[in-house]
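Naming follows writing order (A, B, C and D), and every chain is counted from residue 1.
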Amino acid sequence: MTLQHWRHLTEWPLTAAAAVFLVAYAWEVIGDLHGSQLAVAETVIWITWAVFLIDYFVCLALAPQRWRWFYTHLFDLAIVVLPMLRPLRLLRLVTILAILQRSAGAAFRGRVIVYVVGAGGLLIFTAALAALDAERGMPGAHIETFPQAVWWAFETISTVGYGDYVPVTEVGKLVAVGLMIGGIATLGIVTATLASWIVERVAQTEIDMRAATRGQIRELSKQISELKALLDEKSA
Amino acid sequence: MTLQHWRHLTEWPLTAAAAVFLVAYAWEVIGDLHGSQLAVAETVIWITWAVFLIDYFVCLALAPQRWRWFYTHLFDLAIVVLPMLRPLRLLRLVTILAILQRSAGAAFRGRVIVYVVGAGGLLIFTAALAALDAERGMPGAHIETFPQAVWWAFETISTVGYGDYVPVTEVGKLVAVGLMIGGIATLGIVTATLASWIVERVAQTEIDMRAATRGQIRELSKQISELKALLDEKSA
Amino acid sequence: MTLQHWRHLTEWPLTAAAAVFLVAYAWEVIGDLHGSQLAVAETVIWITWAVFLIDYFVCLALAPQRWRWFYTHLFDLAIVVLPMLRPLRLLRLVTILAILQRSAGAAFRGRVIVYVVGAGGLLIFTAALAALDAERGMPGAHIETFPQAVWWAFETISTVGYGDYVPVTEVGKLVAVGLMIGGIATLGIVTATLASWIVERVAQTEIDMRAATRGQIRELSKQISELKALLDEKSA
Amino acid sequence: MTLQHWRHLTEWPLTAAAAVFLVAYAWEVIGDLHGSQLAVAETVIWITWAVFLIDYFVCLALAPQRWRWFYTHLFDLAIVVLPMLRPLRLLRLVTILAILQRSAGAAFRGRVIVYVVGAGGLLIFTAALAALDAERGMPGAHIETFPQAVWWAFETISTVGYGDYVPVTEVGKLVAVGLMIGGIATLGIVTATLASWIVERVAQTEIDMRAATRGQIRELSKQISELKALLDEKSA
């Protein structure tokens, strides 16, 4: 079996595992689980993690040049290894983002909008989960419930930052830094998409002034070829 | 009567209804009405809502493919149904934005500026109303007067977020999230418009280096056709 | 004397008057003047204001179509009338920005950078003055010294908004709103200039793939004309 | 020896000196050194400073037109002179940014990403050092440890500004202003890079509609030349 074949086969199962992970993690954090329920949620999380671990090793085994694959897929390794550390579990989010990227429609700009909305929503949801997980019950912490965590995530990703909820733990601050970077990137993508749309709209006002297209040049080239043929005919 | 005809007929009455709604809502919230005045304002608000509800059902009845129209106009349904919930009344704002989009002038970039200023102003005004409506009198709330609400709306849409006024109710926070998204979009549109203008100005410095236009290619094509005609003439 | 001639003659005196105004206003506000010094500063401010008032009426008198000039120069009227209201004196800033626009160099992008730095600096300086003027000594106000006001202006224009200094008076909040709008515009101009530069740099990597220029098309057109001349010659 | 030769020779030694400076400064500030360790760190910092001072004077001596070089390299003078003032030492950062610019890869957009990540990281690191150096132990200051300073730097560069940590000293505020400007520039570069990428991707969807390239025009020109040759041949 080749690496491509394996990747194609495991695409949907891995997507499902990532979704199951997110649901179990959300249930554990939002529900503030204890006892047997916590055990169930933790078990589900570890099983989904094991699925990704197995996938990583199978891919490594199937790769034609193993060292090269290892070096070029260090990020995949991080996604597999780091979630063992509880707070970094939200890195699993990246897997779900990959799915989103695929399911987005055909037109490029439409795809960008779907992606920004989807990625932004997932980022806020997962960051709120992770921050709540890290902050709840800590001395001096403000983020105690899931709605508060979501509100804080919105404040942070939009760079408003009122300061009514601020992470006080180190993990919470790490999550906040991730959200800030996400906020800058989101703002950039929104602006850039709008810019490309406005540039196009402005350009379309005067058709004759629009840039010459390759199709037009091909048309011209055909006309010249016909001319040449005409000359050759006459010469004959 | 066709759907297009109905839409054309109801364009101005619906615009007027939206404007009446905004005035009545502003009067109710800013004036902090009680007794018979509150009853008048509420009656006006419910009448404008009924107008939009009737328009929705007439459009649905006139649509050639009703199910298709229903699916592709879910957002219209939300605008009609959700304002029953008091805090979501500001969704009516969308109707007024549609008018603004139409009344903006001819040149595309000028239209963008008019739209941004108008939409930004309406967004701040309506969000301040909705936040004041939700926050006033709540325990721990800071937003108690309309000027405070407008100041808070400016702080939020510009993503400055000093934190001197922060919404504490759930509805107030929802309004804030809407404003943040509006702020990001506004910033994006402003930047993109400026970018398209700067790109154009930079490109115009050297005329010979500007992109070849379709008009020029058409000119070339005409020259080649004349050449062909000349050759045909000689062959004859 | 024509309007153009008058405008040309008064260009430098008006610039000087605007600069004198700014110095006097800064001296009055930063120095927190009292007694005879305050009288001197106020006198200078009123004289510079009178200079602009006279210029406005002379322009109006010289304009060929007075009503048309009046309608198209409402902003000039605002700059002249509003500074009578003490807090809106910073509108005089607009006059100085006009000078800056002229003195910026020749290359368009270079001019944008000079303009952004100059306009941003002036905006921060004048807003700090106006906010200090409005806030100092008010109950509950935080902005009491000029360095504090400048720090607050930087926080606001960059949309960071820590919330350690917040305007509490209505005029102070108005100044803040102006700074926020200025901040958004500055961010937009910086981004747009960078975007135009990056688009250009990316486009220059493969010369053959760059857009066809008008100069190239003119070259082609010449070649075809020569061909036609050659054919005509042969026909003769 | 020419100026170019000297610059080429000293490129790597100066880079090393800048790196040594950064390490020594970080050690001094993070370790909150006292006694002999402080003396060692300070000595290293002064030696690296002397290296840059010597380089400045050698460059000045080798320059063909000394006054012209002096005027066009005022910024270099500032980098050399200002670090004598302890808090402005982070200006040395500029030297390291120059190295980063060189070591970034070949493709332009890739280079921009490497540069933004590298410059952003360095900016945050150095600003956190400088702010910690200025704020630690001051009355009313919040920034007391290096992790707090880094967290504050992230909050500021992303313009979130919760307000949980705010510089209270003049030097700390100066550092903050630098970070804000850096934040705006970073946001601008990220947006602009994304914009250029999206514009390109949108343009590539329909190949025939893409702008005509110079390569295509050259092809056309060749075809016409062949035509001319054909005609000449016949005439002969």
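As a working rule, a residue touches a chain if its C-beta (ideal position, glycine included) is under 8 Å from a C-beta of that chain, and two chains touch if they have at least 3 such contacts.
Worth saying up front: this structure is predicted, and the values here are computed from it rather than measured.
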{"item": "Which listed pair, A-C, B-D or C-D, duplicates the contacts of A-D in over half of its pairs", "value": "C-D"}
{"item": "Chain of greatest Cα-centre distance to subunit C", "value": "A"}
{"item": "Averaged-CA centre spacing for the pair subunit C and subunit B, given as whole angstrom", "value": "29"}
{"item": "Interchain centroid distance [CA atoms averaged], subunit A/subunit C, Å", "value": "40"}
{"item": "Shared-contact residues (touching 2 or more other chains) in subunit D", "value": "155, 159-163, 187, 191-193, 195-196, 199, 211-213, 216-217, 220, 224, 227, 231, 234"}
{"item": "Subunit B residues within the subunit C interface of the complex", "value": "147, 151, 154-155, 158-164, 186-187, 190-195, 197-199, 201-202, 205, 207-213, 216-217, 219-220, 223-224, 226-227, 230-231, 234"}
{"item": "Sites on subunit A touched by subunit C in the complex", "value": "159-163, 191-192, 195, 211-212, 217"}
{"item": "Subunit A contact footprint on subunit B (complex, rising order)", "value": "107-109, 112, 155-156, 159-163, 166, 170, 173, 176-177, 180-181, 183-185, 187-189, 191-193, 195-196, 199-200, 211-218, 220-221, 224-225, 227-228, 231-232, 234-235"}
